[in-house]
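For reference, the structures are reproduced in the following blocks.
You will see two complexes here that share chain A, one where it goes with chain B and one where it goes with chain C.
Then we have the complex of A and B:
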C-alpha cells in the first residue's frame, strides 16, 4: 500500500513550495475558467475566448520587458483585447468573428515584437516558452494574492449577473424582450473572460489557456441538464485535469531522470481525454430525447 | 384599405396610425388596429412585409416615426409577453424546460436564484397550463418544435401579462406541432382573457382559431374580424389574385386555383388550397 502511494505521489510532492503555488494558482484558474467557460461556450463565443487568451501573450511578453508581474501583463492585455472586440460596433454575428480575428492578429503581432525584444534586450531566452506554454512550477509565490483577487473578481461578477447572463446566453431575443441591456451584458461577459483567460495564461500559457476555458465547459454541456450542474462539472473537470497534470509532471522527473515533462502538456491532454470520453456518453443521452413519438398521438390515425 | 375599426369589449392593444422607418426605408405606414381582451388575432403577411417590425414596435424595442402604441390604455408599458422568432434550441444548452420557464419569472434579476417554494409553484402552474408537465425536466433542445414553442409560451406568460405577442411560432412546426400550439394559445387566451397577436405567413392553420386578422402588405395593414376578411372580394383584393371563399353546409372553404409567380406565399404553397372554418 505504501509503495503504491509513493508510486503515485513521488517523494517531496506535498512539501514542495513550487507545487503548492502551482496547485493554488492552477486550481483557481481551473475554477474560474470552468465557471466562465460554460457561458462562453453557451454563447457560441469560443473563438472570442480563444482570441482573448492568445492575445494575453502580448501582455505576458511585455511584462518581462517592464519587469512587472506576468499576471498583471496577461490581465492588462486580456482586458484591452476583450474591450476592443466588444466596443467595436458589431451588428451581425459574422462581423463579431471578423473583429475577433483582426484583434487576434494585431495582438499576436505585438507578441512577436515583445518576445523578440525580450530575447535581444533582456536575454530572457525562456520567455517565449513561459508566455506561450506556461511553466507552473516557476510561478513565484508572491503571485498568489493577486491571482486570488482576479479570480474572486470574476466569480463575484458571475454570481451577481447570473440570471441575466444565463438568459442572454440561452437566447438573446428573450433577454432583449425582457428589457435587458444586451451590449452591456456582452461586454461584462468579455471582461469575465479576460479575468479567466489571464489566470489560465499564467498557469498553462497564453496559447493553451483556451483548453482550460473551452474544454471542460464543452464537456459539461454535453452531460449536464441544468446550468448549475454544468458549472459544477466544468469546474471538477478543470480541477482534476490541472491537479492531475501537476502530479503527473512532478512524477515525470522520476520517470525520465534529469528532466521532467511540461505540466501544460499533461493538463491539456487530460482535458482532451475528458472531452473525448464524454462525447460518447453524450451521444447516447441525446438519442433518448423527447423526439420519440408518444403513443397518445401516434394512435390517432386510421386503424 | 382599412376594413373595420370597431372593437368590442374594451381594448388591450391599440396600434394608432403607426409608421416605422428603418435606415431611411419605410417599413410600416399608418398601421392602425385594436385588440380586445381574450381576442386571438393573426398577423398575416408575406416574409419581409414588416410583421417582426410591427411586433418589435408594440414591444417598445422599435420607435415608431409616427403614431403610437397603447397597451391596456397606457403608452410605454411593457407588461407584454413575447415569443421571438426562433428556429430551434441547441441540444447542448444545459437548461431544462422548467429552467427556461423560471427565467421568464426572474431572468432579469441580479444575484443567484435561491430555491423558493412559491417560485417552484408558479413554474409548475405554468408548465401545467401549457401541458408541459410530461417533459418539464428534459433539456429544452431535446424537445420537439411544438414542445419548445409551448415552453416559450409559458416563459412569456409566467408574469401574467394580458397581451401576448408571438413571432412566427408555427414556422418550423409539423402538423401536430401546429395543432398543439394553436390549441394551447386559443385555450389560454379564452380562459385568462389574454389578447394574442400571432404572426404567420400562412393564415390557414389559424382559420379555426382566429377571432381577428391583421393583414400586412407593402407596409400597410388591413384588419377585421375573421368572417369579415375571409370573403371572396376581400381576400382577392389583399392577395392581388382571384380567391374564392365558398360557404357550404355551414363550413367555409378558401379556394385559390392555379398559380402565378407574384402571388402570396400561402397561395403558392397550396395551389389548389382548401381551408375550413367550422
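Then we have the complex of A and C:
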C-alpha cells in the first residue's frame, strides 16, 4: 500500500513550496473558470472567452517590461479586451464574431510588440513561453493573495447576479421582455470572463487558458440537467484536471530524468479527455444550434 | 528596403496576403473567424513535432492542419460548433507544449511561428507557398457559387442540392492548406489578421460579392506592404502592424458604411 502511494505521489510532492503555490492558484483558477465558463458556454460566447484569454498575453508580456506582477498585467489587458468587444455592442452573431476576431488580431499584435521589446529592452528571455504556455511551478508565492482577491471578486459578481445572468443566458428574449438590462448584464459577464481568464492565463498560459474556461463547462452542460449542478460539475472537472495535471507533471520528473513534462499539457489533455468521453452522453442538453450562425447577415452595420 | 535581401520578403508576403484576402472574403461571409484563428494557431505544433521526429516541417504542419479540420468537424457534430473549435485548438496547442518541453532548443522558434519572421526568407521557401496558395485560391474560385449560396442561405443551398456539410468541410480544408504553408514563413497571427481585417472592411465598402473579394485582396496587399515598410523602419515586429492596420481597416469600413447608410436614408426621406 505504501509503495503504491509513493508511486502515485512521488517523494516531496506535499512538502514542495512551488507545488503548494501551484495547487492553490491553479485550484482557484479552475474554480472561477468553471463557474464563469458555464455562463460563457450557455451564452454561446466561447470565441469571446478564447479571445479575451489570448489577448491577456499582451498584458502578461507587458508586465515583464513594467516590472509588475504578471497577474496584474494579465488582468489589465483582459479587462481592456473585454471592454473593447462589449462596447462595440453588437448582438448579431456573425458580426460579433468579426469584432472579436479584429480585437483578437490587434491584441495579439500588441503581444508580438511587447515580447519583442522584452527581449530587446529588458533582455528577458523565455517570456514568450511563460506567457503563452504558463509555468505553474514558477509562480511566486506572493501572488497568492492577489489571485484570491481576483477570484473572490469574480465569484461575488456571479453570486450577486446569478438569476438575471442565468435568465439572460438561457433565454435572452424572455429576459428582455422582463425588462432586464441585457447590455449591462452582457458587459458584466465579459468582466467576470476577464477575471477568470487572467487567473487561468497565470496558471496554464494565455493561449491555453481556454481549456479551463470552456472545457469543464461544456462537459458539465452535457451531463447536468440543471444550471446549478452544471456549475458544480464544471468546478469538479476543472479542479481534478488541474490538480491531476500538477501531480502528473511532478511525477514526470521521475519518468524522464532531468526534465519534467509541462503541467499545461497534462491539464489540457485531462480536460479534453473529459469532454470527448462524455460526447456519447446524449449531446448538448441546451438548445443545439442556438449558437450556430443561422441568421443571414444583412448589410446593416448597426445592431 | 528593396534590396535583394528583401526581395523574397516582398514576394512571399504578397502571395500570402493575396490568398488570405481571397479566402478571407468567405471567412467573413460565413462567420468563420474562430476557425480562421484556430486552424493556423493549432497547426504550429506540427512544426515542433516535425523537428522532434526529424522530418520535413511541412509534413508536420499538414498533419496538424488535418487534425484541426478533423477535430472541428468531428466534435462539432455532437456539440456546439465553437466549443468544438475551442477544444480542438487547445488540445493541439497542449500537444505543442509537450513537444516544446521535450525539445528544448526549439523554444526560440515559438515566437516566429506565432508572430512571423518575414525577414530572411530563403529562395527554397517561395515555391511551396506559391504552389499551395495557388491551389487554395483555385479551389475557392471553383467553389465560388456553391460556397456563396451555402454561406448566405443554407436553406436555399440545400434546396439547390448544395450540401452545407460538404461545403463546410471543403472550406476548412482550403483554410487549413493555405495556412499550413504560410505559417513557418509569416506566422500564425499574420495569416489570421490578414484574413479577417481586410475582408471585413471590403464587405462594408461594397455589396457585390465579386468586387468585395477583389477589394479584400487589394486591402490585404496594401496592409501587408505598409506593415513591412513600417516594420523595416521601426524595427518592430511586422505582426504588430498587421494586427493594428487590420483593426483600422475594419473601423474605417464601418464608419464608411454608416455614412453611406445615413446618406441613403436622407435620399429616401427627401
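Convention: the second predicted complex is superposed on the first by the 279 of 303 C-alpha atoms of A that agree within 3 Å, B and C clash if a C-alpha of one lies under 4 Å from a C-alpha of the other, contacts with A are read in each partner's own complex, and residues count from 1 in each chain.
FYI, a residue touches a chain if its C-beta (ideal position, glycine included) is under 8 Å from a C-beta of that chain, and two chains touch if they have at least 3 such contacts.
For clarity, every value in this text was computed on a predicted model and none was experimentally measured.
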With both complexes superposed on chain A, which partner does A:222 reach: first (chain B), second (chain C), both or neither? both
Could you tell me if A:32 is touching chain B, chain C, both of them or neither one (first, second, both, neither)? neither
Would you sort A:161 into first (chain B), second (chain C), both or neither based on which partner it touches? first
With both complexes overlaid on chain A, does A:206 touch chain B (first), chain C (second), both or neither? neither
Which partner, chain B or chain C, touches more chain A residues: C
Could you look at A:230 and tell me whether it touches chain B, chain C, both or neither (first, second, both, neither)? first
Touching A:174, do we find chain B (first), chain C (second), both, or neither? first
Once the two structures are superposed, pull the chain A residues common to the chain B and chain C interfaces. 222, 286, 291, 297
Which positions of chain A touch chain B when the two form their complex? 38, 42, 159-164, 166-167, 170-171, 173-180, 220-222, 224-227, 229-230, 286, 289-291, 297
In the complex of these two chains, what residues of chain B are touching chain A? 59, 61, 78, 82, 84-86, 89, 91-96, 99-100, 103-104, 106-113, 135, 137-140, 142-144, 147, 152, 155, 176
Please give the residue numbers of chain C that touch chain A in the complex, ascending. 28-31, 33-34, 36-37, 41, 75, 78-83, 85-87, 89-91, 93-98, 100-102, 104, 107, 110-111, 114-116, 152-154, 189, 192-193, 196-197, 200, 204, 207, 236-237, 239-244, 246-247, 250, 254, 257-258, 261
Interface residues, chain A side, partner chain C - complex: 41, 44, 46-47, 49-50, 93-94, 97-113, 115-116, 126, 128-129, 132-133, 205, 207-208, 210-211, 214-215, 218, 222, 259-262, 264-265, 267-269, 271-272, 275-276, 279, 283-284, 286, 288, 291-294, 296-297, 299-302
